[in-house]
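The next block holds one structure in the form of structure tokens; read it before the comments.
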Amino acid sequence: MQFDVAFALSTVPTILGAIGMTLLVAAVSCVGASAIGFGLELIRRSGGLGGLFVRFLIDFIRATPVLVWLYCLYFILPFYGIRLGALATGMIGLSLYYSGYLAEVFKAGIDAIPNGQAEAARALGIGRMDITIFVIAPQMLRNIAAPMGNYFVSILKATPYLAVLAVPEMLGRAFDIASETYRYAEPLTVAGLIFLGLALLISHAIKRLEIRLLGPTAR
Amino acid sequence: ETAKERILREGKIVIGIHNRTPWGFRDEATGEAKGWHPDLLRAAFAELGVKEIDIRVTEFGALIPGLLAGRFDAVASGLSITPERCRQVAFGTPDLKVHDAAIVLTGNPKQIHGFEDIVSQKIIMGAGRGSVSVRNATVAGVPEGNMLLFPDIEANISALRSGRIDVTVLSSPTVIGLLASGKLKGLESADPFVTTDEQATYAAVAFRSEDGDLRALWDERLLALTKDGTVGKVMARYGFGETEVVPDTVTVEKLCGTAGADK
Amino acid sequence: MTQTDDKPAVQITSLNKWYGAFHVLKEVNLTIPSGSRFVICGPSGSGKSTLIRCLNGLEAYQQGTVTLGTIRLGDNARETALARRQTGMVFQSFNLFPHLTVLSNCTLALRRVPSMPRKEAESLARHFLEKVRIPEQADKYPAQLSGGQQQRVAIARALCMNPRLMLFDEPTSALDPEMVKEVLDVMTGLAHDGMTMICVTHEMGFAREVADQVVFMDQGSIVEQASPSAFFATPNHPRARSFLNTLLH
Amino acid sequence: MSMLEIWLGILQGFRVTALVTLYGLVFAIPFGLIFGVAQYLTTGPARFVVTSVIEFWRSSAVIILLFVFYYALPLAGLALSAMTVSAMVLGLNIGGYASQAVRAGLQALDRGQKEAGHALGLSRATILLRIELPQALVAMSPTFINQLIQLVKATSLVSLVTLTDMTFRAKEISQIEYDPVPIYSSLLLAYFIVCYPVALFGRWVERRINPAREARRAV
Amino acid sequence: MTQTDDKPAVQITSLNKWYGAFHVLKEVNLTIPSGSRFVICGPSGSGKSTLIRCLNGLEAYQQGTVTLGTIRLGDNARETALARRQTGMVFQSFNLFPHLTVLSNCTLALRRVPSMPRKEAESLARHFLEKVRIPEQADKYPAQLSGGQQQRVAIARALCMNPRLMLFDEPTSALDPEMVKEVLDVMTGLAHDGMTMICVTHEMGFAREVADQVVFMDQGSIVEQASPSAFFATPNHPRARSFLNTLLH
């Protein structure tokens, strides 16, 4: 079996046809995971029973594989009367799963902000909510652009797991081609290169964003 | 040394399976290979002194790549003969006729008895990604949007149970094996599920193209086993009947079409 | 600035605070009349920062009362919040918001807390930036300023809230020697305007020139309180004497 | 099968999960250390090469790498065992992430540490080994522990290359049982039991490294 | 400590350094005789740290020469390394190794560079810890010490290498006021032992008491060099005058 470049090129349009689905799932999951993760982190910081529960929840999420989560959401929840579509399950599953990781990232980002920032804001009489939105969150973002970008890349790379839910994303398309033609090397290499390209693109964009965020305010 | 010579010398053959009843699976109790093709292989090679059947379990999609990469000597997991596959591997004599069958909820509430019902009632159908059933369904007019393609059979069953699909279309031996396991509470096979002869496929053991001598040996042994009734016994063991018998007119060459002629 | 002159600006009675088992403030009593300037000094770890932070609710305490004007802290959540807003604080490490321009640093609280319209908030902020003599830096980010300029922004930011009382916690100790003077000059200006001020500092020149009273703390207690002239000339407490010695070596 | 039987059945895959993890560490640790340090020390074209190697392992989709290394490389004459391929691909993928932590840890160190070493006349190697690395590795140890958990969970992909790990055992059982609720709950539990203690250990290390951090609540 | 008295300890000629386009050191010439104590002062950003860092190779420079004793830096790699080892440096932020005990901080370089046996290195280290008056802290970690103690460990660590020349870059400016004196006392002791010292500091009391010469830098140039008495009494350069003014307000 030789690597057939012409065949590889012929698979590109089919595989790229699913790039929209892959990007949609990845983008929605990145936003969802960030939002849920930030919420979880705020609850954890507020302490109390809710904080303890969230602490456990975050470690629980981190201690279990994403695939099992997707299975549970898709195949087990319907037994309890909750029926989500495959796409919704995939996006919710990835969002929930990675929210545990992003909560950790947010924690580190917030911990790195000197105490004095919140104190100065409190001393000015600014309310808790406003401190979080206007003082903590923007500074946190500057601290965590890089690790957050890493997890965005991870989310992108996790989209092939949605194959178990019959969501037609790029790697699934590549396997479709493979199972029709029984040539594996070409479609998988093409899919691999597209994923690698997308991942590098995201990393690069995050680096640019980080530089812009730090721009005039860094010393 | 060819693969055949090595196998005979070592008394061991390595087969690839994707762990699927009744095709080829690891027995939970003994850890040995069982199933339609492993049983035939064992019977075929035992007399030649090849006593050990070493199994490599992998995903269905990795069976042919694994064979080509030399990870095992044969795929003994119910692979169907198709012209595309013939370009990659060398199939032995077809040994089982396979047609589509369907599993539905007990009582078959939507009265599904063929692809026409699925098309006319706009039923959501499940099937295995890359399986022959998908191709048959497409030809029969089932729109892509009404098919959910899962990577494995458990997912199909789970999806059926959780109401995500109304029917899953699988190969008849698979359905027979599933129902024989007695684990499909609340499910049954859609009886009858009408198919045409054009939709039928034929399973065979697959070898590497360059191992022509090994394939020839297998074909020879398989013929002998058919004659002495061993094949019939194995068929009965897995609940296969008349409908699964391969007609004499069907040959590898015909099934491979022009593609097989290249080899 | 109008002051309720009949009431002291700050009244601290029997204040006690513990960090776990560590008794950090011990029976602190202090009365600070409106319009007066107090300097607090003492060795490191003696509780100066803790005391001053108790005055605007950055630290909780276990015993005693703190009354700001007519409001006793902790009695009533709404009133306590009001009292805190009327207390400005300047930190040793400036604590400017690095992601906001100088102007936004000053207007953030105005726009949020009394919900002042943008225009009005900005003109108020510019007024105070002028007062601390850096009106031209309004659109820069904190990182683009020298330490002395940053601390002056911090003072302007606190002044924007129109505080009745200003708290300073070692405002010059993180500064380069040349910049100390810029900040002390601004503080002296405020003192001359009649602002009530409590200032933790080791700048004895400033204490001598500006303070009404010098308070000396040691190990969580106020061990001496006197006018600057009396304190520098004849410190009573032996700890204060040795402290002044090392300071003025 | 009872829940307990299912669970014990899944545990039969534990040996492979553990072996791939440990063998994976044999790849991950040297790769993370060497490439992290190399990226920290190099500049210009050398750094570009180092970064490219790291990015390849870090940003590629693991499934595709497993497939290519196991099923395509033998065609080029290199037939590695399933265990070696799994350990190498998963190990180097995690090692790629670890290298970023090593580099970040080194970069985050106060520059004064290196300068003090220079001023004492220490060689660059001594400064790296005795001053910079010990501090950076300790500071980043919670990250490394998280990455260890990631490695454990990533072993769920090795069934693609014929290894029978816990996830694959669950699939095997599910094709006898066809009863997703107990099987996937058991699988969730199996990973949880393996990973959660590690996660807790990570939390403990984190607290020990920076006791002030727990107490510090900026929000 | 023996000194080669015929040669100056440090000889800087026509030193020029740029950071990109920014000319940070401009034609600096300076001769520091063996056994002398120089204090360098000047406004922030004037290049004091950069100059002192050029003396032990922490910064590269583009023009000019730096000669330590008989060794011209950069001529010969082995000799340069030797000269650097004979130069001790104490930083503003201590830069102790936080993962090592006080004793290991002091012995690390001894055990590596001259490969001294452990016993010998430790007894030498304890000797210098005694000299800086903290022998009892040998087994603690830096984080367990006060700032003044940490800086004294840093001095002991540098002394262990038996340097011919000690460089200090604002060694007291990160310290609490009471701890400044501890460190200055140790430094004064070293000066009285005859150690050649170059010290960037704004502690004018120390300069007056200990220094042979005060060097005043501004914008990368040495603009004034004089004995302390002359410098404090009648600074020639207008920039030096205004600087002294703000410092001694």
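Note that the chains take the letters A, B, C, D and E in the order they are written out, and that residue 1 is the start of every chain.
Definition applied: a residue touches a chain if its C-beta (ideal position, glycine included) is under 8 Å from a C-beta of that chain, and two chains touch if they have at least 3 such contacts.
The model shown is predicted, which means the values in this text are computed figures rather than measured ones.
S.K.: State which chains count as neighbours of chain D and simultaneously of chain E.
M.R.: none
S.K.: So, comparing C-alpha centroids, which chain is the farthest one from chain C?
M.R.: B
S.K.: Per the definition of touch at the top, where is the C-beta contact count highest among chain pairs?
M.R.: That would be the chain pair A-D.
S.K.: For the Cα fit of chain C against chain E, please give the angle of the superposing rotation, nearest 5 degrees.
M.R.: Between chain C and chain E, the superposition angle is 180 degrees.
S.K.: Report the inter-chain centroid distance for chain A and chain E in whole angstrom, where each centroid is the mean of the CA atoms.
M.R.: 51
S.K.: Centre to centre, by mean C-alpha position, how many angstrom separate chain C and chain E?
M.R.: Whole-Å distance between the two chain centres: 36.
S.K.: Counting only Cα atoms for the centres, state how far chain C is from chain D in Å.
M.R.: 50
S.K.: Of all residues in chain B, which are in touch with two or more distinct other chains?
M.R.: 65, 68, 158, 161-162
S.K.: Spell out, as numbers or ranges, the residues of chain D touching 2 or more other chains.
M.R.: Where chain D meets two or more other chains at a single residue, that happens at 67, 71-72, 75, 180.
S.K.: Of all residues in chain C, which are in touch with two or more distinct other chains?
M.R.: Not one residue of chain C touches more than one other chain, so the list is empty.
S.K.: So which chains actually touch one another? I want all the pairs, not just one.
M.R.: Applying the touch criterion to every chain pair yields A-B, A-C, A-D, B-D, C-E, D-E.
S.K.: In the complex of these two chains, what residues of chain A are touching chain B?
M.R.: Chain A residues touching chain B: 1, 71, 74-76, 78-79, 83, 86, 163-164, 166, 168, 172, 175-176, 178-184.
S.K.: What part of chain C is in contact with chain E in the complex they form?
M.R.: Contact set of chain C toward chain E: 43-44, 146, 176-181, 184, 202, 205, 243, 246-247, 249.
S.K.: Give the list of chain A residues in touch with chain C in this complex.
M.R.: Interface residues on the chain A side: 114, 116-117, 119-127, 130, 134-135, 138-139, 142, 216-219.
S.K.: Which residues of chain B touch chain A in their complex?
M.R.: Those residues of chain B that touch chain A are 61, 64-65, 68, 84-85, 87-89, 126, 129-130, 148-151, 155, 158-159, 161-164.
S.K.: Can you check the complex and tell me which residues of chain B touch chain D?
M.R.: 16, 19-21, 25-26, 28, 56-59, 62, 65-66, 68-71, 152-154, 157-158, 161-162, 178, 181, 183-184
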